[in-house]
Amino acid sequence: MINHEVREGVLVARVEEKRVDAARAPDFKTELTRLIEDGHQQVVLDLSKVEFVDSSGLGAIVATLKRIGPRGSLAVAGATGAVERLFKLTRMDKVFPLHEDVDAAVRRMAG
Amino acid sequence: MINHEVREGVLVARVEEKRVDAARAPDFKTELTRLIEDGHQQVVLDLSKVEFVDSSGLGAIVATLKRIGPRGSLAVAGATGAVERLFKLTRMDKVFPLHEDVDAAVRRMAG
Amino acid sequence: MAGAVQLLVDSDLDTVALVARAVRAICSDRLSEEDLDAIELSLVEATTNVIKHGYNGRSGETLKIGVALHSDRVVIEVVDTAPPMDAAQLEQAGEERFDFDETNIESLPEGGMGLALIRMNMDEVEYVAQKRQNRLRMTKMFAKPSTS
Amino acid sequence: MAGAVQLLVDSDLDTVALVARAVRAICSDRLSEEDLDAIELSLVEATTNVIKHGYNGRSGETLKIGVALHSDRVVIEVVDTAPPMDAAQLEQAGEERFDFDETNIESLPEGGMGLALIRMNMDEVEYVAQKRQNRLRMTKMFAKPSTS
């Protein structure tokens, strides 16, 4: 459900599911955590293919940030429509900087 | 549900409904018949805004052609997707020439 | 994603569009636009027939639509409690309905196309008139998507 | 177009997406994308709660979703036969849930956001626990479209 690559030292995790809801959040969290545990501290979560996230999906993203720890950071790229709206409504856009695309997010994080 | 104009002597009837199904076919037929009864023999039915037609809608179009009579003609413009598919599946594209748009249909009919 | 949804609506021609959109959306993840068009048309023809012929246009009667998504097929069931239709009507319906002479305008069909369209658009069509209800079961096979 | 549709599904988290897509499609003719997003999220949170908390994750239980389209509002009802929830949970839920200190990562919520999201996204939310069933009724008002 997640593809990843490393760009300029930043882990880019692209979510391949259209929906991250309660049915998928546990696996989503497990996969994301496994990626983080390889030691990455700078992570960009690419949500450009995702059309819908519910509170379980958002909770999994928050859990991942806690796992990365205070010295790392987790930014979001490509959130649009309902997904972007959820981040703003819950004020989570204050926690996860929203970037238009992966390029912009990596540039900001690596630079 | 139908807007109309006359172009180069051809009556262009643009259907403003997304769906022409059994709930709407009776009114659709009434409106179309009223337009025809003004004496128009060359008619282009613009279906570019229509997403769905069922057998009732198709029947209403056939009824209109019968009303126009053997000396007139009824062409269809802008049928795409499910609508175009219905005309082809029922061989009604042999009866109603399908044109990409109103311009093409009027050109053919008036020319 | 496999799954099943049942929809209940009043026997009203105005709700046919709502059901059609809902069922299309339920199936939309797996099927091509062309298959979705085929399913939507068949469903609309079937529910319209139940309302117009089964219930004689009476609203306030129930209409149940079942959608079951399998890995290689969608099964759509239309269930009603009206007097049953003559199953021969369905058996005889087919693409011959459209073998008209296109030069003879008066011969063109204005109705009686619904059952033929259902049979032409679905892979299997079965009608079962039970004691208390009738069930039209329509199956559409589809190619498994290459990914996942 | 006014109308009402009821959906019946099994209490399975995998069917929540099917219901969400169906309800979105049913409402799609009248509402803005933003209103559709609000309705979809509320519906998903409500049905997920019933499955996870009401039925403790048990599948095979019924879940009924009613959608009623009016000229100026949509009413969504989620009906279950599980033990009722504590209505106070709903009353206390609101946007205060998201008054966190964003500099204190450990304090950020990982759950307990669903009811708050429902109340923030819908105009009216009512919970009625009856003898045999619970009913969460969520209403969304919308501007009448300027045309027709």
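Read from first to last, the chains carry the letters A, B, C and D; within each, the first residue is number 1.
Quick note on the criterion: a residue touches a chain if its C-beta (ideal position, glycine included) is under 8 Å from a C-beta of that chain, and two chains touch if they have at least 3 such contacts.
None of these values were measured; they are calculated from a predicted model.
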Label of the chain whose CA centroid is most distant from the centroid of subunit C: A
Gap in Å, rounded to a whole number, between the CA centres of subunit D and subunit C: 30
Centre-of-Cα separation between subunit D and subunit A, whole angstrom: 25
Subunit A and subunit B, separation of their C-alpha mean positions in angstrom: 50
Sequence positions of subunit C contacting 2 or more other chains: 14, 17, 29
Multi-chain contact sites of subunit A, meaning residues that touch two or more partners: none
All chain pairs that touch each other: A-D, B-C, C-D
Subunit D - residues contacting subunit C, complex: 1-10, 12, 14-15, 17-19, 21-26, 28-29, 69
Residue ranges of subunit B touching subunit C (in the complex, touch as defined): 19, 21-23, 52, 54-56, 58-60, 62-63, 65-66, 70, 81-82, 85-86, 89-92, 94-95
For the subunit C and subunit B complex, residues of the former touching the latter: 13-14, 16-17, 20, 33-34, 37, 40-41, 44-45, 48, 51-52, 98-100, 102, 105-106, 108-111, 113-114, 117, 120-121
